[in-house]
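In what comes next, chain A is part of two complexes: it sits with chain B in the first one and with chain C in the second one.
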Partner chain A sequence: MNELIPVFAPDAGLSKRLDVEKVVLVFDKLEDTLESGSSHEREQSLHCVIVREARNLDLLTFEGIEHALPIALFVPAVGSIRIAISRAKVYSAFNLRIFLPALPRENLVHARILASLGIEMAVVIPQEEKDLPWDEISDLMHYAVYSPSRKGSIEPFERFVTRGDTQGVTAFGSPWFDDPERFIHIDAQGRLAFSKRDLEEGHFLQTRPEELSNLHQNEEYQGNLKRWQASFLRNSKCSYCAAWSACQGAYIESCSHDPRCEAFFSEMVEALDFRSQNRGRTKIWQS
Partner chain B sequence: MANILLTQQCVRSCPYCFAKKHMADSEKSATLSWEDLIHIADLFDDTPEKHLSLLGGEPTLHPDFVDYFVYLIGRGYHVSVFTCGILSEKRLDELVAALSTVNPGKYSFVCNLNHPSMSTEAETERIDAFLTKLGKQTALSFNVFTMDFTMDYLFDYIQRYDLRRNLRIGLAHPIPGETNACISPGQFGPMIERLASYIPKCISSGVVAGLDCGFPLCKFTDEQIGKFYKLEHGSQNRSLKFVCNPALDIGPDMKVWSCFPLSRFNKRSLYEFNSVDEVMEYFITFHKETRAKDAGAFAECASCAYRAAERCAGGCLAQSLNHLGMTEVVFGRDA
Partner chain C sequence: MAVVIFKAIEDCNSNCLYCKVVKKPRDEVMSLALLETVFMRIGDFLRERPDETLEFTWHGGEACLLGADYFRAARRYQEKHCAGMEKRISHLIQSNMTLLSQDLVDAFKALGINKIGSSFEPLPNIRGFGPERDSDAYNRLFFKGVELAERNNLTWGVIYVVHRRSLGKAKEILRYLVNLNPRSLPQLNKIYLYEEDEFGLDISPEEYADFLGELFPMFWANRKRWGGLQPISTLVNAMEREGGSVCDYSGKCTRKWLYIGPAGKASHCGKGGDYDLISYGNIRDRSIAEILADPLRAPLEARQESLPLGECKDCRFWGICHGGCPLDALATRGDILKASSHCAFIKRFMGEYVEPITGMTVNQRPHANEYERRKEVGIAR
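Entry: the complex of A and B
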């Protein structure tokens, strides 16, 4: 079983209480990552840092930021696409993925523009939004998956089609750390939450960070991992959706009656099948 | 290389406009989207020239023109913009500001400059403002569509605004089914003679005049050929050739066709092709099939050794389509 990676705001005291090899540190501002310290000063190695910026991308300077530092940069929007285009080489020089929310719709176009310039991109498709632009998300997915030209990848599509399980379920939100089999979110008091959303809503699995290493034995955690199965007990549209394995009902609250949601995830599953057919074909003498 | 039409809208209505038929058949409000621009940039990514031209209508009228321009340069393309030079003050300032951070070697402007008598005072003012600010990156383009043309004003402009010493000379071609002003095949000889009379002025002004497509080799005397050759030879913009290849024009609706005079023929969606080679092959086949049925603009083309050796295409393919009766061509006002 894989070791769970804790996601939390920098806190030396908390780090010392965690018996893990890797951590994800969360910052509010890009320049704050300068204080994340070099690796030898930390208890654990960095899986990456998350920066949840309130500013648009065009307002951020990367002055002084360590080029090798793996950064998941969440911004609300690009701002001036012209400025962002002119800085494409700057962004590419960093170990960076830029996350944009799927709304406003313009963000989807901007994600495609920047990815086509070689920048690693992601669009976050929020579970709570009622009016998600599924058609445009689908267009972007097609570009990300099927376009043969060289470019930066676009998450969550890339991970889904390259690491997805054609026979089982795949954590669609893993790129934005919504993947409880990989990431556990911890608050300032050291309480463990199944997801960022649970953390924000105050639903905790454990109150002590030391419990992280025992979490696989935690009943609530194990129950939550199979939470998606409950959708089959409800008479919701998701119960009959052919693409349930892609989203596992993640959008049940906002989109269960939206046929475009089903259409998108069905295309996502087709893309996974398409890619998996071309994935690492082994010859008989190699096995 | 391909020509991308960002918009169908234009601020001018030139009598010879070779885009007229295409524009009439297309939706005026259509503009090229970001998604389609990215698709074009991806498709042409592996072409050795990495050169794209932005056209219209008037390309600078596209609301995202400056962003598109900066994007294509960011993708590693050399970008040529074909404009009439009539830009609003706001758009011109926006463009100049954006260019301040761009390597001037990565782009150029080609300003299609009609005789001043064809422009209003306000239009002339805007052209002057454009050339004042961007003249160093701008070459002029001139279209021959009447027999009494004059080119003297072009040299004045080149001098006054210190423009690039390259002059594109285009020949207005007939648009099958349209009444654009153009030069009929019977007028080619005198037209070339008039053009050649400007060669001494080109030499004294240091201007390299490059002939665009559709000029038939046989209508030049050896002396004229020699003079044009000497004028161009050694310059970076040599274009003295008489062959005809698809130019690839891509509309805002992602339709692709061989070139404007042939915009009615074999139009396809660019999305139907997987590579630039496929697109080229498709239109080269169309050219060859048409040439096989009609050798060229003149009856002599059928037995011409230069035509057989593919050193001359026998004029614009639109002339052959006209011969084949595929559409009715009405020649221009001085025919």
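Entry: the complex of A and C
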């Protein structure tokens, strides 16, 4: 079993409490990464940094940012696509993946354009959103998986088709760190949660950061891994879904409002079957 | 390979609607003395036949009711009577998993059991505890069993019994079962009811064909993903002459299968024992070699020679089903020499679903001299 990677805002005190090899550090601004992790790297190596920017991509300059620093850059939107296109070489020069939310819909178009320029992209498909643009997400997935043109990869599709389990289930949200088998989120008070959403909604584990390295044996952690069983015990529609292996009921809130998620995730499973014969490699922190 | 269907217990903690064992006396548990005799017989059998292997399937009832000590006793008897031959015995177990415990898992592993065959029913109140068949309580315990099995690296898979209430729901039932355990595709068996159909669950062979037929386009479109789906996979492989066949259609069970019940009663297989269709005496009194050579088995063999000359003479599906299960023929048509009632299933499933969708045509009529052919390949007397 792989070691869990904690995701938290830089905090030297917290770092010292963690008996792990790798960490993900979370910043609010790109500039803040200038002093990233150097102090933390003394404790653990850096899997990557997450930057949750409030500003659109076109407003960000990368001055002084270390080129080798692995950055997961979350922005609400691109802003001016023309400006972003003009900076394509700048973005490509960094060890960078740009994350856009799937809404507004134009983000999906912009993700495709920027990927076509060789930039590593991702779209975040939030579980709590009821009106997701499944058709447009599907279009983007088809481009990401099936188009033979040279381009940057687009998550979460790339990881799913290159690392997904054709015989089992695959965590769809892993590229945006929503995967309790890989990442544990920790807040400033040292409270642990299975996802960023759990952290924000106050659903914490009853354990301390010092216990992270033994969390696999923790009863609460084990219980979380069994959450999928509830769908079967309730006979929920997800338990009968053709695309369970891709979503495991993660989008039940959206599905009860708009069942097109089943068609999308079924296509995702077909894409996995298609690509499983010819699997490529992705950079480790981005996978 | 000899196949032993071993029912040391017929009692069960569940009250599944379609389970035959709930309707017959089920209070007997095989004594440890008789259990030791069984392993003594196995030891004798394997010593006499150095090239032979034996598959020992713990069946029930619910085998977990026997308790871990019972399985540990079996291990001791095996060590005592089959010393040096343990590797020629493979143990399998069929269990509903609701009573699984770490103690039982440890005892299973000591016997070399690394896989549990189970059953599951997504539709409510068909499998379950008590008179109301509490499927919710049943399913919760089943999941606990699954967790325990997986934690101990025991693999598991399920058989799904297709019954009247399943009809029209083939795709959703299959999806549920696949989602439940993506690593092991379910086996979809037709319900067998040879007595009063108290709950109106029985289905015709044609209805069973339509149930599987609904799934066949999906199976054929992606055999990489669905290749393990039984019995569709077996039938398609037989069509493509890739060999491999479940017992019902193999035509080869005559001298290989043996059922042993709680009192030591020997029969042909689970079906034969459950419904008292055929009796080969008692393991207390007879060796396994004697039981496998019982003269009552001769008609089963003769059937493989007579059917191609009679009822199945012009049947192009002969090579796929070989007349079907002889015990089913006995139960449904009163004559072991006749083709089984499954004939209608094979013809409909292959003719109306498999052939049109695959574009292939089955032409596996019996050979002109089926007896000579069987003799050549070593499966005739």
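Operating definition for what follows: the second predicted complex is superposed on the first by the 267 of 287 C-alpha atoms of A that agree within 3 Å, B and C clash if a C-alpha of one lies under 4 Å from a C-alpha of the other, contacts with A are read in each partner's own complex, and residues count from 1 in each chain.
As a convention for this text, a residue touches a chain if its C-beta (ideal position, glycine included) is under 8 Å from a C-beta of that chain, and two chains touch if they have at least 3 such contacts.
In this text, all values refer to a predicted model and were calculated from it rather than measured experimentally.
After alignment on the shared chain A, the placement of chain B and chain C results in a side-by-side fit free of clashes.
Of the two partner chains placed by superposition, only chain C is touched by A:Ser245; chain B is not. The angle formed at chain A by the C-alpha centres of chain B and chain C is 110 degrees to the nearest 10. By the document's definition of touching, of the two partners only chain B reaches A:Ser116; chain C does not.
In the superposed pair of complexes, A:Ile81 makes contact with chain B only, with no contact to chain C.
In the superposed pair of complexes, A:Gly168 makes contact with chain C only, with no contact to chain B. Look at A:Phe232: by the touch rule set out above, it reaches chain C but stays clear of chain B. When the two structures are aligned on the shared chain, A:Lys151 is found in touch with chain B, with no touch to chain C.
With chain A fitted onto itself, chain B and chain C come no nearer than 23 Å, counting C-alpha atoms only. When the two complexes are laid over each other on chain A, chain A has no residue in contact with both chain B and chain C.
Those residues of chain B lying in contact with chain A across their complex are 34-35, 38-39, 41-43, 45, 66-67, 70-71, 74-75, 98, 101.
Of all residues in chain C, those touching chain A in their complex are 122, 124, 136, 139-140, 143, 147, 172, 175-176, 178-180, 182-183, 222, 224-225.
Of all the residues in chain A, the ones that touch chain B in their complex are 81-82, 85-86, 88, 109, 112-113, 116-117, 139, 143, 147-151. Partner chain C is touched in their complex by these residues of chain A: 166-169, 226, 229, 232-233, 235, 239-242, 244-245, 273.
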